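Just so it is clear, A, B, C and D label the chains in written order, and each chain counts residues from 1 on its own.
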Amino acid sequence: MISFENDYSRAAHPAVLDAIARINENLYPGYGMDPICERAKAKIREACALPEADIHFLVGGTQTNQVVIDAVTPPYAGVVAVESGHPNVHEAGAIEYSGHKVLTLPHHDGKMDAAELDEYCATFYADGNHDHMVFPGCVYVSMSTEYGTVYSKAELEAIADVAHRYDMPLFVDGARLGYGLTATGCDMTLPDLARIADVFYIGGTKVGAMFGEAVVFANRDARSAAPRHFLTEIKQHGALLAKGFLLGAQFDALFTDDLYFRIARNANVQADRIRAALRAKGYTLTFEAPTNQIFVTLDRPTIDRLERDVRLGFMEKADESHTVMRICTSWATTDEETDRLIALL
Amino acid sequence: MISFENDYSRAAHPAVLDAIARINENLYPGYGMDPICERAKAKIREACALPEADIHFLVGGTQTNQVVIDAVTPPYAGVVAVESGHPNVHEAGAIEYSGHKVLTLPHHDGKMDAAELDEYCATFYADGNHDHMVFPGCVYVSMSTEYGTVYSKAELEAIADVAHRYDMPLFVDGARLGYGLTATGCDMTLPDLARIADVFYIGGTKVGAMFGEAVVFANRDARSAAPRHFLTEIKQHGALLAKGFLLGAQFDALFTDDLYFRIARNANVQADRIRAALRAKGYTLTFEAPTNQIFVTLDRPTIDRLERDVRLGFMEKADESHTVMRICTSWATTDEETDRLIALL
Amino acid sequence: MISFENDYSRAAHPAVLDAIARINENLYPGYGMDPICERAKAKIREACALPEADIHFLVGGTQTNQVVIDAVTPPYAGVVAVESGHPNVHEAGAIEYSGHKVLTLPHHDGKMDAAELDEYCATFYADGNHDHMVFPGCVYVSMSTEYGTVYSKAELEAIADVAHRYDMPLFVDGARLGYGLTATGCDMTLPDLARIADVFYIGGTKVGAMFGEAVVFANRDARSAAPRHFLTEIKQHGALLAKGFLLGAQFDALFTDDLYFRIARNANVQADRIRAALRAKGYTLTFEAPTNQIFVTLDRPTIDRLERDVRLGFMEKADESHTVMRICTSWATTDEETDRLIALL
Amino acid sequence: MISFENDYSRAAHPAVLDAIARINENLYPGYGMDPICERAKAKIREACALPEADIHFLVGGTQTNQVVIDAVTPPYAGVVAVESGHPNVHEAGAIEYSGHKVLTLPHHDGKMDAAELDEYCATFYADGNHDHMVFPGCVYVSMSTEYGTVYSKAELEAIADVAHRYDMPLFVDGARLGYGLTATGCDMTLPDLARIADVFYIGGTKVGAMFGEAVVFANRDARSAAPRHFLTEIKQHGALLAKGFLLGAQFDALFTDDLYFRIARNANVQADRIRAALRAKGYTLTFEAPTNQIFVTLDRPTIDRLERDVRLGFMEKADESHTVMRICTSWATTDEETDRLIALL
């Protein structure tokens, strides 16, 4: 049995585990007030070309979305996301739990359209009743998206422009940032994204770490600065890890010798091979997406046949007889695993 | 200048003000623990044919939606409403503030469709990831709806059936219940509605009272019983009126000699006359609705002309050159006001 | 049977009811966007000598405490109050419901001590772990207090000084402001209080209105300005009254010809007479307080005897055989009622 | 420089790291739906002698307190804790953030007194205004406490009896459970505690794990059963770890061959040696406590001298010239470190 079920099913990249083993003789202060975190942050600042960035490490993606959105969205406002966005669908209401509505736009292969965002905001402010409604207070997008697609630099800049025109920060969920930025055809670098977004995170959980998300506040102006006493807000959400140095050690390893992006690229390489095979064999790709998530519309017999040998992810029913399934590679996927999958297709 | 802007622009029906003036010589205990509230509740129970009903008086509609939905929806769940539903659009995020997501279905002239509710729930529970999503935990509909339409008995029963099959209470927002139940063609009585819904409220603010909504828990089984310590939850939401006897006095007046429904009917009679005039003059009614809210699609010159003499409500832009406006009658609308409006059309 | 149970047991001062009856022929816009509210606000601004004040009308006291504290306290912070403070004891957790901790200081006959506030804050910021604790973010006091006592101008100024030194607004709950400011020996006027506090409210519910609290943001600097989109926050808390003009009309009446303070003074006059009688007859006053709430420690036989003819408020058990009871006068208490009570003592 | 600053400054026990390294070749399903979690849970159930226990793994202590308290406390209620309790002091308001008040009792060397709890509840329910107050809805204690003390079996049973009499679950925070149960003089075993508490957790973060707390619902009756859809509530709080198998692997290692208690005992052994040395040298122990946290009242010169060579924890100022400092041993403290510290005293 092989598994292409998701990208968080293996503990961690060996270099990450080694980094932790290596520090196990030492004692460190708690809550991220340690030199390893400082070193990791310095490397991330450099990788982002953001020397003033304010960086905080959190444990997981839903947690990060909840903490950051709650902290940067005004109390009278909600967060704008596409309907398929993770906080809108798959976070058990974590955003609403923190008091904010998720305001939704249609998605286009998982992506937000800047013009639609503009139209939404213009309509909102033109409505004479808007004081009785939820203000758009923050823009959330993810890179790569729920459907594996990526934003071009121009697309993200356009969204940021609209967000800023309506006085909103742009928050980029980078749970799969590594996969997004190393995708074939992606025209954005990490410094590009760091220049465009006000706050974003570099996902570790799905790209080589045991766990961990590095939240980066660009800190170039008031809008992109970390909220006052952000550490206290993290704690208040139950999200402050006691042994913060474990997060530092992991990101230190991932941002040494470009490990993060090197292993991210592997997932895309394997996915590209699988996509080519699917196309060659006449399968229907549900979305055109260049990253590690492949959505494919399958009929029941094909699913039954495949699932005898490979674990896939369920996405949603397409129609009575077809289902969208997800084939997900990761930093850890081997050539052999990909070969076996292709042979089974 | 006449006004058809909304149904809450006059202080109160004279009988309501008289009722308060009459009790002003007496002193009453606070927080609704007084004999006037008891008397009003008894009358409402009788009008509902619900001798066991548990009744609580609140001040306003958004407040009531927030308090009731929060109290009857499990913590891991959201409330299902149509997209146009008041809590989803015009309550400034009061539901999300209390921690619950509003799960939306399409609306059909403002109404929920039982089959779509069923499909939504079936899809939810069939999704292997549903533990990571927001459970549907309560069904919210309004009678009449945001667009002035009404549910038939069969429609509401079908929604209740689906709600109960998925272990949800059905909550009916009756901010305009008087207008809904007295509409031409409505086949439901108050006892019918009281038999179908698990909890609902009888709106006073828009039907003759200064303020006040009477929340009725049918209390026929566990699902329709008031939550434990509901009074404490009301207080916790800042929604407990110190002088509860003011609410009792108003509802006592409204439920004496059928005043509530008599004055509600007036709004529909006036609206029917306006609708007939609009049709006769070739106007485009945006919705077919039999209650006191008339939505009409107008061009700019017509709006400009009308607004010289009459205050209307803005609804939304229909297209570049047309706008949906609302003409709203109320319990207080006089024949003369209606005549003047018709003459202006 | 006479009642000295509380100060919110009569509907309203006749002038207030008249004011509402007088406007019942007219139609007004909703949500406080009407000329009556404007007129009432102008009168309040003048009475406060705060021409720039930003004023909002809410319905009740707990609601006002919840909305204002939530709006002016940073998300990582709590509100500092004395242990006996209303939000800490008698609001069913409304402050915590909105996400903020009530940080408590000891009370001195219901009052906060500026030096203890200073010590609390100094200790907090000196604690190396304070980022893991709840920041003091707002100071709450009431005037008069839960025990009927009043702050002197110097005392309140000292509290404001400390609050400002630690970057906190001072919020004064004035549910009984009329009784506080007209008490014998009180050296503060409304303009004094308006100059010292950053935000406060003028309680109507307990001083002549049917309901209503006028929240005054002094608006003299950033700290005392109303939060952005405060109306939306009010709505979000379910606290925006549809017929806001009812609030305007009541406060317009109360701030015409000094009615508010004239009727407030009556309560203190009656209470002073009762206090004199109690002292003359050898009763034990629990607190030395000059306002309309008299706390007296009684033994069981006395309570039983009194309660045959007069309704009193229960406060708390003092010891095995004694109980603290409250005798509460109001704007509506008559000389005859006071005479009858004194005769019974 | 040696450190006795806290018990979470080393990454993890080698056996824990080995366990993770060993599973790194395999792929596992996410969110704790894996066989390693199942195995760990089976071992914990056996160690607790609770074959029906419902076990959930969370990441950290504040998070666990927030999630569990929010899930088991009714919406109209708060959690009762001693004033020095962690959720009341050092969780940045995480409990209030989730909407619940922390109701406090005095502490006795960090412990709750059952009689005082009883008195608190009796007084609450005897108060005629208790519907306007926060109901006591859950009892929180920790074992060991903030001051390193432990409950005897009789003390904990007495607290459970009172809690149950007032319809509250007893929740035991076991962040330092290992240190509490292996302390000299502790008369409770894990099965004892599991029989008395309704829900508790076994702290991993401070006892050998990298992170992780095992929440155990005793599941012997309705009161001790896990709330419905508890996994969804965990997710909603942002507390569901994607790679749940990491938690399973750590607890599997800790509950193999009694590792958890064996290493916990080491901390107490080292602490006992330090305590003996302190007493021998005439130091003032602030509390009599038998676990890994030693509180000692020191003057400034002594602190300055010690801090040249050893990192201690700051607790609080005792008076002008003295400070309470914490000496904290852990599962990892070596004989050599203890020797060095003793030599420095």
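By our rule, a contact is a pair of C-beta atoms (placed from the backbone, for glycine too) under 8 Å apart; a residue touches a chain by one contact, two chains touch by 3 or more.
None of these values were measured; they are calculated from a predicted model.
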Any chain touching subunit A and subunit B at once appears in the list C, D
Two candidates, B-D and A-D; the one with more touching C-beta pairs is A-D
Express in whole angstrom the distance between the two chain centres, defined as the mean CA positions of subunit B and subunit D.
49
Centre distance in Å when subunit C and subunit D are each reduced to the mean of their C-alpha atoms:
41
Could you put a whole-Å number on the gap between the CA centroids of subunit A and subunit D?
33
Please list all residues of subunit B that touch 2 or more other chains.
76, 91-93, 97, 99, 131-133, 232-233, 235-236, 240
If you look only at subunit C, which of its residues touch subunit B in the complex?
3, 5-6, 8-12, 14, 17, 20-21, 23-24, 26-30, 59-67, 91-94, 97, 205-206, 210-211, 232-233, 235-243, 245-246, 249, 332
Can you name the residues of subunit A that touch subunit B in the complex?
76, 78, 89-93, 95-97, 99-102, 123, 126-129, 131-134, 314, 316-317
In their shared complex, at which residues does subunit A touch subunit C?
31, 70-71, 74-76, 99, 131-133, 135, 227-229, 231-233, 235-236, 240
